[in-house]
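Below is the structure I would like to discuss, written out as structure tokens.
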Amino acid sequence: MKTKKVAIVGASGYSGEELVKLLLHHPFADLVAVTSRQQAGQTLAQVFPKFASHPKTQALRFVEPNAEMLAQHAEVVFLALPHGVAAEFAIPLLAAGCVVIDLSADFRLKSAEMYQDFYAHAHPAPELLQKSVYGLPEIYRDEIKQARLIASPGCYPTSILLPTIPLLKAGLIKPEGIIADSMSGVSGAGRKAELDYLFCECNESVRPYGVPKHRHLSEIEEQLSFAARRPVVVQFTPHLIPVNRGILTTLYLSPEAHFSSAEEMAALAGKIAACYASAYGHEPFVRLLAGKALPDTKNVVGTNVCELAWRLDPRTGRLIVMSAEDNLVKGASGQAVQSLNLLSGWPETAGLI
Amino acid sequence: MKTKKVAIVGASGYSGEELVKLLLHHPFADLVAVTSRQQAGQTLAQVFPKFASHPKTQALRFVEPNAEMLAQHAEVVFLALPHGVAAEFAIPLLAAGCVVIDLSADFRLKSAEMYQDFYAHAHPAPELLQKSVYGLPEIYRDEIKQARLIASPGCYPTSILLPTIPLLKAGLIKPEGIIADSMSGVSGAGRKAELDYLFCECNESVRPYGVPKHRHLSEIEEQLSFAARRPVVVQFTPHLIPVNRGILTTLYLSPEAHFSSAEEMAALAGKIAACYASAYGHEPFVRLLAGKALPDTKNVVGTNVCELAWRLDPRTGRLIVMSAEDNLVKGASGQAVQSLNLLSGWPETAGLI
Amino acid sequence: MKTKKVAIVGASGYSGEELVKLLLHHPFADLVAVTSRQQAGQTLAQVFPKFASHPKTQALRFVEPNAEMLAQHAEVVFLALPHGVAAEFAIPLLAAGCVVIDLSADFRLKSAEMYQDFYAHAHPAPELLQKSVYGLPEIYRDEIKQARLIASPGCYPTSILLPTIPLLKAGLIKPEGIIADSMSGVSGAGRKAELDYLFCECNESVRPYGVPKHRHLSEIEEQLSFAARRPVVVQFTPHLIPVNRGILTTLYLSPEAHFSSAEEMAALAGKIAACYASAYGHEPFVRLLAGKALPDTKNVVGTNVCELAWRLDPRTGRLIVMSAEDNLVKGASGQAVQSLNLLSGWPETAGLI
Amino acid sequence: MKTKKVAIVGASGYSGEELVKLLLHHPFADLVAVTSRQQAGQTLAQVFPKFASHPKTQALRFVEPNAEMLAQHAEVVFLALPHGVAAEFAIPLLAAGCVVIDLSADFRLKSAEMYQDFYAHAHPAPELLQKSVYGLPEIYRDEIKQARLIASPGCYPTSILLPTIPLLKAGLIKPEGIIADSMSGVSGAGRKAELDYLFCECNESVRPYGVPKHRHLSEIEEQLSFAARRPVVVQFTPHLIPVNRGILTTLYLSPEAHFSSAEEMAALAGKIAACYASAYGHEPFVRLLAGKALPDTKNVVGTNVCELAWRLDPRTGRLIVMSAEDNLVKGASGQAVQSLNLLSGWPETAGLI
């Protein structure tokens, strides 16, 4: 395989750290630059002792972010920056011919209006919104292969979109009344020195937040609307739980079909199973659980896998779908590397299994 | 105040331990007997080193459970036994004139049919189902004061019923489509040597279980049906999270009123606030959160308080209500002591604040 | 009992919060003022939702710290301030006639030289060092009863001094070669927004710190030197572990007596047991474990108890003593209240059991 | 590289699971059989959903352990069995020509007497004790390359021996008075359904155990005696802390040289640094920390690395050495794979970085 030179801007946060780990061990990607204003001058080994056994971490030093320099050295640049800051880097990098894989929310929406509604300021480069590809490989594989600007999905959206899109596309569930109840580990809040995320404030605690209008709703609803071909409004409640990593999402969905009798239920179950088998039966990173198994974050943490299980409830007429993923891998950096593999013509699982 | 002699049957589990703690420190209850097959012969101090500073724990020894003996010594007997076993003790204790406060599910339902449906065997004493009082003081205070047999509510039901009953009674929400999504600490599973509850299997893990028909649904639905005066079917999903104690429940409810305009929303919000203020504004153990505050289990663990907050979502037309409680206190032993206080004519908060 | 008006300066940290809790529930102390620069204007209920059920928390508001105001309203003032800041408040409060119970390290040493050596600046009020009483009730009970300025011991020192002082005083161990290896929960680091104490940096982590010369060594060594009547130098290694609360200390001590034979060992064991029984057999807050039991922080967290167990190792000739305490209770706020009880003439266990 | 067929006996525990993970991803090892009485008939994917993305886990099924069958299919057999059971399998496997890498304690001692002393029964195959090689590659690399029976070291011993052996061999520390204070994650207790290891019994708890004569002392003392060329007796205290994985050991050692002056201290520090640099400067799996860094289990968990740091304490005349490792990797399965690499002629880091 032909290798590619890659760089990471903003590599000192949790998703940046996970990207470093994945790219250091990637068989075809060659990590040539990492940037961090705070860590500039330090080696990767100094900042991330955990990776110090990898020979490259002794030599590679963090540098100040500089688009011109990055464009000279790297063919693909990952942006692991806060929302709003990423766009500033993406514009010159794209102009200089780099492929940009952005882990922030800056290019995830197609609609600049929705961006303004949820992020409370005008989008800095609305023309790029049309050119960016939403980096969910199971849904946009072909587009990703051709993309120059990839907007890698958020952690919550991935856990919600993967279970829901195939059902909506197949017309098996109603677009109305979708509820997503999610629990996330604390790394989702980033490496920020805030009282709310101190050990003693999170340990032995569980709490909802961002109710009822979390920013991630914008990309969730836009993507589900594309799948349903009409506007979809979602009820979404995130909760913070005391684990480092992992998102567990429970979805409450309404099947189009009634299923009060055993026959109706069996028929509907068959259709749902077939829908998921068709969508994900051959996907390397979606695991359809069988039998009595239900998702558990401990079975996906450290992997790029999203686990799925579902149950029909004849008492309520609802379909319950549950998913589990590692918010830093399939919910962020692993998925970004999956896109890198696709656009580079490498095996999709390279460096991810 | 006149004191009362009390005993605990099955005092070596987690809710039994919490009961011991509460009753040792209670100003008017006199703990005279504790039973446990496994710990018979040991002192309270030996089994629960944490309480060893209390002088009574040096002398009081676990004994084999024996209804006759208990009835001789105690006026009120708490049953902290597995479901099914509690009824066997309740029957002779009641016959001998004791007041029984049962923490199991054995007497929580009025309908023997529903019992059979959810517990898969016939109820051993269906006539007692009519005599028992559901021990949720905020709803059945007057009945508890007169009761001889109290069926203390389950932990999940408490976290769901307190937020929902006033809204149903006031006709503010539809009885249809109620969804309760709950997260519980591991003590809810009891002190049982099972692989699923080992530290390494729970730590860094979050997982749903009992989907879609958990046994607690029976008492939830029966109580909500009483409040709504028609049958209520609930969607309920419990999750296990890595904390020792605490339940966080997020409820998805449908207001009867539309509220698309700002005026409609303000009007509805006013009604909900008034409803809760009327129901709980003077309750010592329900805390209505104001402003931006949302429930957090760390603010209720170790207390008998259930925290409540709610949000109207004009985008979806739903009402989101969130509650937090300590599953072993307001969800079990504290609530049982609250009933003891009521039926003994003591201040309701005695030993609980 | 006669009540006393008390105040807390710096009540928004973890030990301040624990003091608030203890004093709210204290039968004879009347909490009349709490200060915090950051929280001034807020009620106790707003800052600590967990205590909101207590009626006083609705009315009592944080105020800016002001020694004059405090002296007007309170007879006893607790200082829960950072080291160095406490002395500034203590001086005017003492001058105004208040009793001061200081939880910081500012007045724990008798030697101003040792203070300078360990804290790297001159002591601001060296004359007060002679007047202050080291607030370890099991050792300085009589002095505490008469004190106007109490230097409440640190958390690590308490866990080390209680097991060691009686043995040194009895001449049962050598003053040389004492090693204390301690593990502390994260609340010991205070409520500070620093990266090192984020959930994701502490969870699934254990690490030593402050090796080899931690500041707490100064008071440990001074107190042990008093007990041994000659200079004692201690090896002390603290470790940070992922629990909210609790300190476990393992001490490696060298008995004066040889004990290679079974008889020698039995004789020495008898002396140690007698020494501890004499020192602590009647102490309400020291628990001497018997049989096979070893200390466990979960048996002391939330209590003012220090658990002790010991083992003679005939293979090495050493005595191993292990202690467990809650760093915020017996290691800080509970111990301070124990001193309050003593100097107020109240039962020593008031508000602490 | 030539591949080798390998098998795991007892693959359903925590170290067995880690071995499965490492061998599935190993570039040259071909995992052909896994045994487990409890899981016989199940695929690897069913028992370990976390590895289900690896194609081999769909086909490979657990079988009943059977030495004859294993010898037919595998060239190297790993034993991840309880102490005592491993020897029963090792004997026929060796006779059948397999190489055996035993993760239990059964062949770690050279002295059958010491085995009897610590394990309270006669060794079942004392003649094999002389033939086995202690599988600590940094110390016995050459012997491992030629071995047919490897006794892979225990987790605590690895964390103690690596820091201590070079110092003893170089005569830099006294063989007397060595103290090892260790903290281990709960996976060290194995996947056993016992009350002591339930989540609620371990979370928010820290406790010593096995004081003062833990079984691991036998191999620690034997190996240190070899290094010192005279009998070494060690004080060892293990503690259980609430993390899944990781061991942190703090060692208290006495340098042979005095170092009261700054010059003496600098000279000694230079010798220690040189000793460690010579022993481990080129080792891929020992990380010598520089500057202010101290070991932290979170920097080694999931890796085969043992981190080391040390400090001289001029106040006490002691050398403090701290180490951190993953008890399931460098402390068990990773180290066993390191031995596999050596005896197979593969790069020592194959499958481990």
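Just so it is clear, A, B, C and D label the chains in written order, and each chain counts residues from 1 on its own.
The rule is simple: contacts are C-beta pairs under 8 Å (C-beta built on N, C-alpha and C of every residue); 3 or more make two chains touch, one makes a residue touch a chain.
Predicted model, so just to flag it, every value in this text is computed and none were measured.
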For the interface formed by A-D, which of the candidate pairs B-D, B-C or A-B is equivalent, sharing more than half of the contact pairs by residue number? B-C
Across the interfaces C-D and B-C, which one involves more C-beta pairs in contact? C-D
Averaged-CA centre spacing for the pair chain D and chain C, given as whole angstrom: 38
Just how far, in Å, is the C-alpha centre of chain C from the one of chain A? 47
Cα centroid separation, chain B vs chain C, in Å, comes to 37
I need the residues of chain D touching at least two other chains; which ones are they? 201, 203-204, 242-244, 296, 298
Mind listing the chain B positions that touch chain D in their complex? 14, 185-187, 191-195, 197-204, 242-244
Using the touch rule from the top, collect the residues of chain B that touch chain C in their complex. 49-50, 52-54, 204, 284-285, 287, 289, 293, 296, 298-300, 302-303, 305, 307, 353
Can you check the complex and tell me which residues of chain A touch chain B? 179, 181, 183, 201, 203-209, 211-213, 233-235, 237, 239, 241-246, 248, 250, 252, 294-298, 301, 311-313, 315-316, 318, 320, 322, 324
